[in-house]
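One structure, pasted below without further comment.
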């Protein structure tokens, strides 16, 4: 491990493994998913061939194979020699097989319950698992049967004496496949669904309002205020305003609920002034927006505050003294000395927080959960709701992935732009030891 | 259960069954059961499995076999987190043996292979399955195959706060006659808005509290679609009846316009809503039969029958009075161990015994699943169970078991939300609903 | 700081602005040990009943100590992994002449801004394939991976400040690059390691979405998920209980924060996710 090249690769290895496992593979998978119909009902890991009612219906309506659908879809049980032979081979008690052969040969049933009732009435009265085993051998339709692959499906079709043409085979396979299939429908759906525009608008509003009002605006006010303060109160306020950031989101949002709930503090205080108690978090779209922007804004303001503060600290003291000798007012100092120095920090915070806000949804999920009426549903939260968490439990992985992909592309493009903007080249100094 | 799988496993079972060996050793099995949407009153959904385990162990002992069952129970108070956790666990191959969930999950979960039919394991002619209500059995089936055993039944009535109704001129006799007037279509949803308005004008309830619906998504809202003549499914295909959907949306928009329902009502926290309706803050509202347990046990409404009248959901234009039952079902997941699956099946069968199920029915104010339950004193002596069963259950519809129903449901709710909160006119909301459903479901839905 | 201006108006104005925040935190503490009459926010009695969750486990919920232990394991492990990975990779990116170094560094910056949380379905699938879904190990790895780019970036910054002379002297004495890194350079960046360790511990302690989705089981529940599910359960609305659990949960954070605020201030000011 003497050369820096080998050592470098060894030391990088853990990082690379994590990156591959939890960034590259997921991105690739997300890209793949976004072109599929994957959902709760298709499952993620592949499907089977199942002649469920919807498959039979597809066969009938989509492929026009009414007769085949009829034949395969109706349950039927026939007590025949083939079934009896299989039972014998499986070691079913000879008395049972004999009785079936002598008394029930060629009987047919359309209801499983009936055939099992007959089996149970045999003199040796088989136990329930035995009954199930026996009835399965006489099943001569494929209704609701599930097959791991096409070959098994076709073999079963053959076994019930249905001769299929190639067309019919293809149709049967396509109609009965329960897993996901490839599609570009997700993207078309995204463009055509009215919700997309609204979610997009919400996202823009959320990011820009939070960014302008708090992450830069209020952060600037805090930094300036702290700047014009003796050290002790300044330290106190810095810590106080950092609290929202270090407080775990679940508690932080809980504290907001305490403040804004209909039985909460705000309602109680305002009640004394004749304002009817209400849920200030969810009562109207405006309320929800105020809360969402405040909740995220107070968390974001601390970063701007600290960055701007240290930038202000870096301004030579002599500039301040000189301006004070000239009798400058405070706002003149701010305007002519401080603000010009903060151009880059402001740009940095803006860029940085834009990306953070675009992808964060934890606080909104915990507070308004996108409500009321979807008015605070932002893109990242919509992905979560679509792909993972909704009332009907209808998780649309494919569509959710397509939505996520949009965010991934935006993220990559923006960060590449930022790298250029902040002169990335200067960060990579050449190593002084070459080997 | 795959046919292929069935055959392979059957072979293995056959060897064990017919060779008569390998059954003497003591068996230790762990059966896990998860239940969604389950609060403190609903504990018997999972506790019944405990009781069943005890009985099954005794049955085994009598047959000379030693069986010891450990039951692992987990309940989720909400539905979204439960379904997320269960779906992902199942994908990862860690699904519990038994799931208690709404019947509408049967179609998508059977398609994805998450669950297997209970009829693969149970004798459908055996007690108590042969005593279960026919319609519940149908609701628990998909494509004629019994996938689950009904765990409970319920229905979703319209509630009236009696003192407020009296304040606007109803006599006791009028109130007693109200349910049948609703049923006959004489008292309609338009009257609901009217009466709610009267209560507010009288000042007995605050503005926006005249008609105080469920504050979040739920099966309940399909009732109103039905009230206005809508059909959810026909011949196995989902149906969007645009005119009915629009009348249904319009009704809630009208309620907001009349001031009897708040524009921002959706999203009111559940606990606030329960507390308010149970204390007479609202005039008319709709809920579920099981809310009775919450009103009485947790919200302190001691004299329920003195304060509350209940009926079907009234008819709207071109529809009829109805209610919806949304039975939960015991489902068996695809199991790595055939032995566990068999025992889990036995357990849910025993847990459905009238006496055991009555514990759940009465504690949580749900309705019974078997006919004989009416002969269990605990059940028959409960006034609520008796009256609700008689007045509501015969008119109950259910949501369809259809793989795509979840998509339809989420979209219907989003449309209602946008109309209700005034972001879209009802016509526009229905238009957008149609666009969305056509692009997400395509031919799987019939639009008319 | 400057002589010309009076500072009290600024202090007063900021105090007013800060009052609601202060109030929220003050009541977070007060409400857990008192009861107030209905509709009032002035406590009228002292009580410890809201803390009973510490010795009584409510039905269907995991034991609080079990959950706390999980949180501790989760935060500590992900913090250690972040430290290990960042201290090695950061060194490589700062000092070693490896092919594609510049590309790696750019990659780290892009990853840092990456919406990893939106890939959660795919991440779930990866965990499932390696058999780590619904396990603490799995969610620890994911958390560490997501926090890692920032860690690498911070450590690279610290390594950049170590004088080259130290390494050159080591090489001259015949030590390998590995030894030089391990015995000479690493001790120089100890404050950086400490700050990063503290920071990623707090990040792990606060994380909610990842364990909620990837490790929901009772056995592996962490405090954030425990508290969130307590709040989500509309059957038992009890703000005082929520706050007590909340205070229990936030206490370690506050202690660490007040003890090491200078370290943390540097990192929080250095550009982190928010």
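Labels for the chains are A, B and C, by order of writing; each one numbers its residues from 1.
The rule is short, and it goes like this: contacts are C-beta pairs under 8 Å (C-beta built on N, C-alpha and C of every residue); 3 or more make two chains touch, one makes a residue touch a chain.
The UniProt protein names, listed by chain, are A = ABC transporter permease; B = ABC transporter substrate-binding protein; C = Maltose/maltodextrin transport system permease protein MalG.
Note that the structure is a prediction, hence the values are computed from the model and not measured.
Chemist: In terms of CA centres, which chain lies closest to the overall middle?
Modeler: Minimum centroid-to-centroid distance belongs to A.
Chemist: Counting C-beta pairs in contact, which chain pair ranks first?
Modeler: Looking across every pairing, the one with the most contacts is A-C.
Chemist: Work out the mean Cα position per chain and let me know which chain is farthest from subunit A (ABC transporter permease).
Modeler: The chain lying farthest from subunit A (ABC transporter permease) is B.
Chemist: Which whole number of Å gives the spacing of the CA centres of subunit A (ABC transporter permease) and subunit B?
Modeler: 27
Chemist: What is the distance in Å between the mean C-alpha positions of subunit A (ABC transporter permease) and subunit C?
Modeler: Using C-alpha averages as centres, the distance is 22 Å.
Chemist: What's the distance between the Cα centroids of subunit B and subunit C, rounded to whole Å?
Modeler: Whole-Å distance between the two chain centres: 41.
Chemist: Please list all residues of subunit C that touch 2 or more other chains.
Modeler: If we look for residues of subunit C contacting two or more partner chains, we find 125, 213.
Chemist: Residues touching two or more other chains, restricted to subunit A (ABC transporter permease): which are they?
Modeler: In subunit A (ABC transporter permease), the residues touching two or more other chains are 44, 261, 388.
Chemist: Send over the residues of subunit B in touch with two or more other chains.
Modeler: 81, 84, 91, 269
Chemist: Taking the complex as given, what residues does subunit A (ABC transporter permease) use to touch subunit C?
Modeler: It comes out as residues 1-5, 7-9, 11-12, 14-15, 18-19, 21-23, 25-27, 29-30, 33, 44, 222, 225-231, 233, 237-251, 254-259, 261, 265, 268, 271, 298-300, 302-303, 306-307, 309-310, 320-321, 324, 330, 348, 352-353, 355-356, 358-362, 365-366, 380, 383-384, 387-388, 397, 400-401, 403-404, 407-408, 411-412, 414-416, 418-419, 424, 427-429, 431-435.
Chemist: Within the complex, which stretch of subunit A (ABC transporter permease) touches subunit B?
Modeler: So the residues of subunit A (ABC transporter permease) touching subunit B come out as 39-45, 47-48, 50, 52-54, 56-57, 61-62, 75, 90-93, 112-113, 116-117, 120, 127-133, 136-137, 139, 142-148, 152, 156, 178, 185, 188-189, 192-195, 261-263, 276, 279, 282-285, 368, 371-375, 388-396, 399.
Chemist: Mind pulling up the subunit B residues that touch subunit C in the complex?
Modeler: Residue positions touching the partner: 39-40, 43, 73-75, 77-78, 81, 84-85, 88-89, 91-94, 269-271, 274, 294, 298.
Chemist: Name, in rising order, each residue of subunit B that touches subunit A (ABC transporter permease) in their complex.
Modeler: Per the stated touch rule, the residues are 1-7, 10-11, 13-15, 17-19, 79-84, 87, 91, 104-105, 107-114, 117, 119-126, 142-145, 206, 216-218, 236-237, 263-264, 266-269, 272, 342, 402-407, 409-410, 413-414, 417-418, 420-421, 423, 432, 435-436, 439-440, 443-444.
Chemist: Name, in rising order, each residue of subunit C that touches subunit A (ABC transporter permease) in their complex.
Modeler: 1-5, 7, 10-11, 13-14, 18, 20-25, 27-28, 31, 39-41, 84-86, 88-89, 91-92, 95-99, 101-102, 104-107, 109-123, 125-126, 130, 141-142, 144-146, 148, 152, 160, 164, 167-168, 171, 176-178, 181, 202, 205-206, 208-209, 213, 223-224, 227-228, 231, 239, 242-243, 246, 249-250, 253-254, 257-258, 261, 264-265, 268-269, 271-274
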